[in-house]
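Following this message is one structure expressed as structure tokens.
To keep things simple, chains are lettered A, B, C, D and E as they appear, and every chain counts its residues starting from 1.
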Amino acid sequence: MTRTLVFPALFFGALALLPLMTDDSYVRHIAIIALLYAVVVSGWNITLGFGGVFNFAHLALFAIAAYATGILTKTYDWPSWTGIPVGIGASVIAALVVCLPVLRLRGIYVILVTFGFGQLCFQFVLNQRELTGGNFGFVRIPPLKLFDYSFRSDGGIGYYYVALLLLLITVVLIHRFVHSPFGWRVMALRENEPYAVARGIALARVRLSTFAFSAIFPGAAGAVYAQYVRSASPDMFGFSFLTIALSMLLLGGVGTIWGPIVGALVFSVFSELMTPLGPGRYLVTAVVIVAILRFFPKGLSGIPEAWQTWRKRAHAGRDVAPQP
Amino acid sequence: EGYNGAALAAKEINAAGGIDGFMFEVEKFDTKEMTPDAVLSAVERLKATDNLGAIVTPFGSLSGFEMDYVAEIGVPYMVAANSNQYRSIITEDPEFYKNTWSLAPSYDAYQTELPKVVNQMIESGSFAPENKTYAIIGSDNPYSMPIYEGLKKAMDADGWEMTFDDVVPPVEINDWRVMLSKIRENPPAVIINTEASSSNAAAFMNQFMEDPTDSLLFIQYAPSVPEFVDLTKENSTGVLYNMLGGPISAKVSDRTKEIGEKYAAEYGYDSSIYGYICYEMVYLYADLLKEVGDPSDYDAINATLAETDKEMVHGRVKFDPETHLSIQGDGYLPIQFYQIWEGDRVTIYPPVYATGDSRTPPWMAN
Amino acid sequence: MPEPILNVDDLVTGYGRQPVLHGLSLSVLEGEALGLIGPNGHGKTTLFRTVSGLNRAWSGQIRFMGEDITGLSAAQIAERGLVHVPQGNRLFPQMSVEDCLDLGAFSPAKRDNGAATRDRVFAIFPRLAERRKQRCRTLSGGERQMVAIGCGLMGQPKLLILDEPTLGLSPRLKGELRDAIGAIIETGVQVLIVEQDPEFLRRLTTRQVYIEEGRVREDFDAGSLEHDKMMEMYFGLR
Amino acid sequence: MSLLTVSNVTKSFGALRALRGVSFDVHRGEVLGLAGPNGSGKSTLFNVLTKIPVGPDSGRVVLDGVDLSGLRPHQIVRQGLARIFQTETDFGALTVIQNVLVALPRGIGRDVRLYALNLLEDFGLADQADRPASEIGVFDRKKLMIATAMACAPRVLLLDEPAAGLSKPEVGAMAKLIKQINRQDVAIVVIEHVMPLLLDVSERLVVLDFGEVLAEGLPGEVVRDPKVIEAYLGSEAQAHA
Amino acid sequence: MDFADGALSAFRAVFASGLVLSSLYVMIAAGLALVWSTLGIFNFAHGAIMVIGAYVAWTVSIDLGLGQVAGLVAALAASALIGVAVNRLLVQPFLAQPNIILITVMTTLSGAFFLENSALLIWGPRIKQLEKIVDGNVFLAGTAISGHEAVIIVVAPLMMLALWAFLRFSWTGKAIRAVAQNREFAELSGIRPERMYAIAFAISAALAGFAGVMLGAIRFITPTLGADPLIKAMIVVILGGLGSIPGTILGAYLVGFGEAVSTYFLGAYWTQAMMFFVFILILVIRPNGLMGRE
């Protein structure tokens, strides 16, 4: 037990100390965004990785949470601390709505319908310009404030710790999920749907719960994101956010607790480093994604295992890869 | 192109020995997909840049939300588009945004001037409408919508009657036929399209010309983009458009001619408006620096910037202290109306800058 | 002693890191019909898949009619006349029986004889002729097994490998299938069969091999005393 | 006494009428054998009884006085009708014991893990409890599938070809297992083509052909029915049995 | 103008516009449907291949001035080559993996980004356009359309028909379907899956290239030219249903006419949202598409 806690403790300890080591606001900005992505992608991993449902509306949930937070706290003057609950609420409700058609669908159809849902939201945001700011985005969202402490002060350090706290909660929740009967049922449905139903698992209820649970994370992250960058833009429904998040997930490894987190952090740093390449960075990114998928099908979190396999085989003195 | 323009200006200034020993360096900060966090990353990287003197850009984001961040840095920030958005934010607290100044004027004139120009054409005989009807198409984005609404009001006030009204979403539109055929059912004297995307507008132009009606065609702004003519070729002859804050025609302005030639010589193709403006921004900054002497004294530079009164490629620039936009109108930045004729852009309004007369579009020559 | 038509020598293979066959050797002699038996999950199917090129051999050698075929692709091996009818197969679910059979003779060299071979298949399995236009996925288990064997025959095999052809078939179909396979052997095609039912094997094959834990355990001639003993020992059957 | 009553159940796939009005009873505590040629509708019958994936087009299914027509598939399982599939199925990524745990109904008591371990013990799987299900052998996977069905606390257990592909000794073990389960007051319906097993375990036999009940009665009588021999057994096979 | 007249001309406009759109969608969906309905792989790079086809045609026929035929040939060759590369690099290596659907979505999306951004780097951001293969306008039901579009209206369904016949009757076509339905059994029958995949992808990509060339003359060539049509084509083939070429054709005409009708009656404003809404609705009612099988 104590040993299993060493890695998480080191990980969060190091992250908690990061602001003490550097006060470069650029580094901090990247860190905040990366942490928020880690939360979003971890949430996605619940439906996509553990649940085996290709929910491509996940990033739309993130965007919906950002818009909901923005609109309620700016247009309707709700206090800024309601942002996270509002984001979670909006995201969960939206997730339940997307889940309904998905109950009947499979495979690529799920991808397309959920993606279609995102597009529908996108169209809605464009069309309701009065409410959402149309394609220019919704701007000047009030920043997060608690007891007169504006999280914008001190170079956004408050946001950093909020994001870190969110990630910590995420890890704890997902860890409990994976080791709970609910989590096993979700995985059982992924493994074999008819068999799961034949063993008394209520498909609709479990799936709806899965969606609702996974929606908590983009909901919270979307709210903080909106309050941090102080805007929500319709691009958030588009392909670019989606592919960024999907790359993170696949890069880190689907269906593991730490995979998406590692993926999000590594990918964020990587894509920032690539910015100077201009459009060329897309080429590099695309190549890297495909290469990772090709050589580490389980993502970065599968590397230790792949390494072990390789070592074992090297020891055994076999040279041929025995893949069928 | 904005970057190219700025780089060209910096190169010239450096070649001339710089300003008070300061050499200029232009660095590009990519906002990637313009997602909020990417724009913010660009700002953060800017912040971390040593010896940052000023930021020049056509516009930092569609929504203008980056201004808050730039305001915190305090560095002089010059933009040249998206005025409505910037204005709406700045007027809330002009003092807070004291470093942000727009070389583009307010877009209000887009809403009002068209009836005057049409009347001028009627007077000059180049347009003889059978009746006073018009069709209008709006494009649903925060830039075009006020113009669309304003134009409707202005036309109605001038006694025009609307026969068709529709709004298109801010996406790629390739098929205007259904809309055009509705317009053709009842041909109006004037067709107004406020579509801001040049390729959408070009598609509209081409499809209109498949079966043109006896109507004057006015497309707001989009035809000013060079590729509009490439894409429509001879189809575009006769179309009207207007532009605020655009360079004054090279035929009447030496400055425009000079920059345009330099730019073409350097990069091998003609610049769009942003190449000109960013070029001018760098020169404007050079003036400020000369006066203040210390590039790190942002407050002084901003204060001087606020006092700017300078004749530029697009007219006389002086800022409105309320909105931080350039003042528009008589003596300041003009609104210009153009008519495309065989690929040439003829300024037909205002008379002072006109390079030619308006003519009856070829499709309605009979 | 006749020349072996198929010779498997010291074959090692498996899935992932897990070996299933641990140095298996076996040969099919000219003119004989060989049967394999053995408990579940001990590598019979894996052996067949490796022989026909679906799985790769980790080490060892497979020779067919004197040629080393280790490492060739399944398609290349099929072209040489070693045809594998896999276990519990779905066929091409959306295609008609006829198309399915035709594709069995895909390689250009075999296409020419396709029509003639098809008539032969229909002669052996008249039920398929009745159902030539039906989609494979709607066929019953027994019919599907017939189509699978039919496809194998379309490949004009020199050696036909059948993996549990009676799996899940009704007793009656089992009997019919046995007769049909008998008829195929009559036409001079050599067979290598895996089957759980020793009775079935005993009536079709001339020699049986017992496979356990990825190795050939014992080797007997049918009807010998040791054979009966083995049957009793492992199968509780007299 | 009838525990499960199936009356006049029909099911069509497009033009194909897979079940054409099937009726029979399953008595409390008995093992009922279900035989019939390939494609006669046996598996389809199990599918519609459990509504996986969909229920019958028409007809009534009553389990211990409860009409199943209004229930969803998972509710039917909870009502006490559990099945295994014709091919081995499991939740490969979960461990053996988790496979059982997900199938346990709620409120079975506090120590569910112990309960599950006991169940696995009955099937000789307890020593594999913490291995991923994908790593255990074929026969064990078949047994695991039955164990998870038992975890649902069924009153009627539907077995679809439990002995297909098993070697002779394994068939014997399977027969023993079936009888053992039956002793726990669970009625069993077993589909099987492996005649020794079918005749060994079943107390009554129903034979389907073309989606209709062809024969029903004591095994010894049914296998001598000429209609059954003609449609299902074939002449020689009967001699064996 | 009286009411009947108005209704008639409305009908004509909708008909002409719908026919042009539908035919475009048929053309774009053809290649997509080939790999999707046979191999079950959704190639998100299809739109990007179209773009490259259009650019190559532009370079050869306009920039180098070698004429339209040379441009078309070069575009077909280039896109077929890219198709083979997409298959080799983005599809083949992943076929053995269990979540192949998700992985190919990801790899082909990456491929699309790669191609689009390569196009941006090679040809720059400036919009280009190809010449129409026939000049002048044609009147269709009293509405003017360009001659080029008339050609598309005729060619697109023929293309689909040819594709259908190819898959249905030719040895290669049957083998492609066989590989998709049961790869191992196909191998045992002597079919080489890699070759069949390569052929299918090459043909599919060549069709994309052709669509790109045709489209490049009536729309404007930008690196993202393919994005919007790809989404429409996606809707088309999904509505059509897996494994159903006739379904794809039906889907294309439904989407095209649906779009025209909706633009007329609801306005362009709501049409996009409408499309997605109806799309989701149809899939909820018919989870395997209009004419799809399981």
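Following the convention adopted for this analysis, a contact is a pair of C-beta atoms (placed from the backbone, for glycine too) under 8 Å apart; a residue touches a chain by one contact, two chains touch by 3 or more.
Bear in mind that the values here come from a model prediction, so they are computed numbers and not experimental data.
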Contacts common to chain B and chain D (chain labels): A
Chains contacting each of chain B and chain E, listed by label: A
Farthest chain (mean CA position) relative to chain E: D
Farthest-lying chain, centroid of Cα atoms versus that of chain C: B
For chain A paired with chain B, centre-to-centre distance based on mean C-alpha positions, whole Å: 39
Centre-of-Cα separation between chain E and chain C, whole angstrom: 43
CA centroid of chain C to CA centroid of chain D, Å: 30
For chain A, residues contacting two or more additional chains: 123, 127, 323-324
Residues of chain E engaged with two or more neighbouring chains: 269, 272
Touching two or more other chains - residues of chain B: 140, 169, 171
Of chain D, residues touching chain A in the complex: 50, 52-53, 72-75, 77-78, 82-83, 85, 89-94, 98-99, 101-103, 105, 148-149, 151-152
In the complex with chain C, residue positions of chain D that touch it: 13, 16, 35-40, 86-87, 137-139, 161, 164-170, 172, 193, 195, 231-238, 240-241
Contact set on chain B toward chain E in their complex: 140, 166-169, 171-175, 177-179, 181-182, 185-186, 198-199, 202-203, 210-211, 227, 230-231
Of all residues in chain A, those that touch chain D in their complex: 181, 184-185, 187-188, 190-192, 194-203, 255
Of chain E, residues touching chain A in the complex: 42, 89-90, 93-94, 96-97, 99, 101-103, 105-107, 109-111, 113-114, 116-118, 120-121, 231, 234-235, 238, 269-270, 272-273, 276-277, 279-280, 283-284, 287-289
